[in-house]
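Read through the structures below before going on.
In what comes next, subunit A is part of two complexes: it sits with subunit B in the first one and with subunit C in the second one.
Let's look at the complex of A and B:
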């Protein structure tokens, strides 16, 4: 039984397969591409475990002269500051992703419904902001003075809640995967609007939701600019990314201005993290989001094959 | 009738004087002030601010909030806050990073402090003003939105510039030379010493550890022109290397830094040193040059370096690098616009209480207790005093490290253990002796030629550092560079700066 099954599959596969040389080439290209993605990260990990002396002597290298876990020891000694910002990053990403997915779905759904009269207007509203931005300073004034987004978690979440681009992706996804008949059928069976959206439509567009969720989670996880703008005093809410960016920007500033600063530059340099420490922080930042990716990927791949109306 | 009027007038006058006097002596309204500093590394300021606020409440009934701007973020966040009109009362400002002082004074972002109609300095900061050396008050007087005046309180810090050869004495003496051999030589005659040391230390050793742009200024005796592009200077003003108060060889004129004979001679020599293996090729890469330089310094892998000096730096460097470091000056110390406007605190026009802000600045710059508290932290927590009255920092200092020089009058601080007893007297003597250069106070305003400036900076970023460190061949690249500068509008940029300089000198 088992044998016949695999034999059956193999025959089927053979029907769809491409010739061996072409397949080899494709594999080669894809392997090369994956290596390009993986090697820099491996390099970062290696540097984070390289001793500072080795970096001083021979620079960055895949095979350092000596290894050390000093950078990680230092990072863990940061203690409160580190764990606090780690926690903040998780909190902001989780809350932000859930809220932004919810908002995107609830904005895109009416735009997809043909029986919604103000469709055109709301379509235009989101599309318009995609092309014309208000500029940084007005945005800052609105967020800070009108909405009170300053020195709190909201300042790191609210400005990124709704992206017109995601709305368009979601709307298109709804249009292609949810037939109007299904909604009509649901209405006839007595389902209210919210019920239809969350119990009927939502399960069908799960892959779309997962895609948006992944995009948003990445955006929230990597965000540091909002923290720079809105968090000046309450450092207990800053995310991990900003902690790293702060160090990086200090180093950049020094590289650019050291010829103006004179002896002062040496005093500044004392407070800069070592090379391996920077890389250790990068590892800490990348690992969680890299681990989250496979979970989302399951839905994204599934989205290619499932639908509500088969055949 | 006239008498009554006169009487009435006197009464009014007396009343106003009386109310003024009352306002001075009786309780002031409680006010909250916010100040934004540059270059801080502060993670925990609660203990300090608690004490500061308790002290300020008694003195001027102010509670202080501090925004600890960092090196990397200050430019961006301060610009944002100023443009958005955030309710921040005082900002750190200076002329070097984004020229916030001069540019923002013109835009009307700073309160004029010596406004004839409301002279805040006269009213609340007489003490402060009398303690400042003349170069600082003169350097702070600029053309702003309310006319020629003072728009910020200059900080009394290391106000002079002096470029020095940073010499690794241990290594020098290993090869039988003494410090005098460096003192009696100059950049063009270093060749023999460099050759001996290079031969002795091997191929991987590069005796010259230079910061390209600093080296260029040291060798050609040119200075940074305030208002010129910060990242890559384009303009040059040549000072007199023996007496900086006198005119240099070119007189009072701005020149294209890269088109002078001095520059040609300098890059040719540098190329020669580079090819001989005296200069590390890594120093020509802008992004990493600084890290490389720091690493080589810390491991003592150099013979002669470049350093813009600040008093006592050789001791600090010797300690950090665990070698004997000496500084050999190239010119006497001088004060130019850039260094006189190096660190200042301005009162924002969005401040609701500019008067109180001025009182606070006066107190901060004249009261050793407040300055020490805000700068070094709380005694017993962040530092302890030794029996000599010197400051010995504790581990807690790591959580609270504001930029010492960015706060104001640092000469009222106690000396640290590293600085030693009597440091501030030496400090005042050293900086007090520094001469003003002839064009002190001049700041170039590039707003009319900003398009040219950004184009020129892009060109210069491509060539300047590579030429200054000898990484490219000047015979081929220098003419190409000059041509590109010309194409990008160097002449217009130069003419504009000279027009402004002539106008400035005429007004002076």
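Let's look at the complex of A and C:
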């Protein structure tokens, strides 16, 4: 009975498809756009392995005259500034992600509890910031002058700790996966509120926590705007993205700012394969994302769809 | 594990106090987030008075003291703003870019999502989706290097090809006329994958029997798309549309600042409100003007989102945001 039903359904589905020429056209369009999306990255990888001579001769090209790993050798030679900002990026991403996930979960959990009277108030508190704000300049001045977010790691972490959008995603995750009876049962068994959240609720909403963690980790890894605003002199805390941005404007930023001996620094600055070097840095910044991408993609898709379906 | 709450044994009086305790504990959980919101989102809202003041330093040089002692200017900052010839340009740019992004983004993403859902080869569909979503996870700094690889005036691929073909070489970063197309392309490149994924998820959620019933009734594939898929996507299209209309005065700073490499000769087509506020403050230090522009942006944006939402609520209460 069941078997014949599914057989019938399958036949029906096969009949009910678009015609072959139309499907070929769809493939063609989608392949074209997919290539448009990834080719720039492949191109930059090729440039990073192109010899400086070839760039001087024919410019950036998909088929360079000669290949070279010189750019990457210089990346390792130019040590400190670069590694420092690589380290900064990792530090900011790790600390920022842990803190922001904790804060988002702890803010979303009371909002999900129907028996929590002040729920409406806290809900409005975060929702209102989604539709109105103080604007760039007042926010900047308050952060810098009143909250002391200037020239330090805190300036790169604190302004992104909470996002009302993520609170909504987290709350929706809680609503769809944690039954109210479970909370009531835990309370009757004498479990304190914090105990309930971290020992009972958290294991259930692991996918939600993972989604928020990934979104936040990506936001911190890709962050350059906060550095542009709040870091003016202290180059020892700048993240990789901002270093890359500075190098766009002055090519020998790296050589000038590394703590090498005078003669050696000058020597390196002269022989710097500056063009392929920049592209090598772009590759180094994208590689962690590209490697993790196949794994985190489905989490992000799940999170975005759950969060957007019911805003 | 923690010991069982002793108050449980003394029922009548403890019910009230345990309820209060529970509310207090839940409040304490929300406290870090609430404090963060108050300090980083609500406190700056008071900074809005900057738009009406002639902010300067006094003794002692603290922010609150300066604000209190600064002279009130009324709407003078706004007068200056509207007299400046750049203002109309940047508002027009912001609106035109955003309208283009919203319309193109909507049409292309819905089209892509429908195409992906109709492919019989699921592996290919999955692969296209993965490739299209990739740019969404990169920053505008990285994207600006990608573009530079093609357009750089000395080594970029396009100028070199033009040279080889004997054509006139275009200096892209000095020619504002090309940038509307480039910026629209860049925005689609980065964001289409995201909205495609959202629409595709909505399409996957549609009950398959609706299509089968339509097919039995003799509907062609195109009629099914028109009468089953699109009506089912309506709610999501409306929600994303309101969200975008509410942000119509906000531009993506990274796109307009980094992708044109902050090039001054491109301002006529790349200057938007967000970049103007940043440059007016950081480069010329005019707190009043930039606060005024920022406030204008927020108030109009607020009005837009409220208006969009109430229009939607009139026609389709289920799709409204609040």
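Just so it is clear, the second predicted complex is superposed on the first by the 223 of 311 C-alpha atoms of A that agree within 3 Å, B and C clash if a C-alpha of one lies under 4 Å from a C-alpha of the other, contacts with A are read in each partner's own complex, and residues count from 1 in each chain.
Throughout what follows, a residue touches a chain if its C-beta (ideal position, glycine included) is under 8 Å from a C-beta of that chain, and two chains touch if they have at least 3 such contacts.
Remember, it's a predicted structure, so these values are computed and weren't measured experimentally.
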{"item": "Subunit B versus subunit C as contact partner of A:81, first or second or both or neither", "value": "first"}
{"item": "Touched partner set for A:28, first subunit B, second subunit C, both or neither", "value": "neither"}
{"item": "Contacts of A:233 with subunit B and subunit C, given as first, second, both or neither", "value": "first"}
{"item": "Subunit B versus subunit C as contact partner of A:293, first or second or both or neither", "value": "second"}
{"item": "Touched partner set for A:135, first subunit B, second subunit C, both or neither", "value": "second"}
{"item": "Dominant contact partner of subunit A by residue count, subunit C or subunit B", "value": "C"}
{"item": "Touching partner for A:43 - first (subunit B), second (subunit C), both, neither", "value": "second"}
{"item": "Subunit B versus subunit C as contact partner of A:248, first or second or both or neither", "value": "both"}
{"item": "Partner chain(s) touched by A:198 [first = subunit B, second = subunit C, both, neither]", "value": "neither"}
{"item": "Which superposed partner A:275 touches (first subunit B, second subunit C, both, neither)", "value": "both"}
{"item": "On subunit A, positions contacted by subunit B and by subunit C", "value": "55-56, 136-137, 140-141, 145, 245, 248-249, 275"}
{"item": "Footprint of subunit B on subunit A - complex, ascending", "value": "55-56, 81, 136-137, 140-141, 144-145, 228-229, 232-233, 235, 245-246, 248-266, 268-269, 271, 275"}
{"item": "Sites on subunit A touched by subunit C in the complex", "value": "9, 12-13, 15-19, 23, 26-27, 29-31, 33-38, 40-41, 43-44, 47, 55-56, 58-62, 103-104, 106-107, 109-111, 113, 115-118, 122, 125-127, 129, 131-143, 145-147, 158-159, 161-162, 167, 187, 189-195, 197, 218, 222-225, 241-242, 244-245, 248-249, 275, 278-279, 282, 285-286, 289-290, 293-294, 297, 301, 304-305, 308-309, 311"}
{"item": "Complex contact set, residues of subunit C against subunit A", "value": "1-5, 8, 22-23, 25-27, 29-30, 32-34, 36-48, 50, 62-64, 112, 115-116, 118-120, 124, 127-128, 130-135, 137-150, 152, 154-157, 159-160, 189, 192-194, 197-198, 201-202, 211-212, 215, 221, 224, 236, 239-240, 243, 246, 253-254, 258, 261-262, 274, 277-278, 281, 287, 290-291, 294-295, 297-298, 301-302, 305-306, 321-322"}
{"item": "Subunit A contact footprint on subunit B (complex, rising order)", "value": "36, 39, 41, 43, 65-68, 70-73, 76-77, 80, 83-86, 96-97, 158, 161, 211, 213-214, 224, 230-231, 286-291, 294-295, 298-299, 307-310, 313, 316-317, 320, 338, 401, 405"}
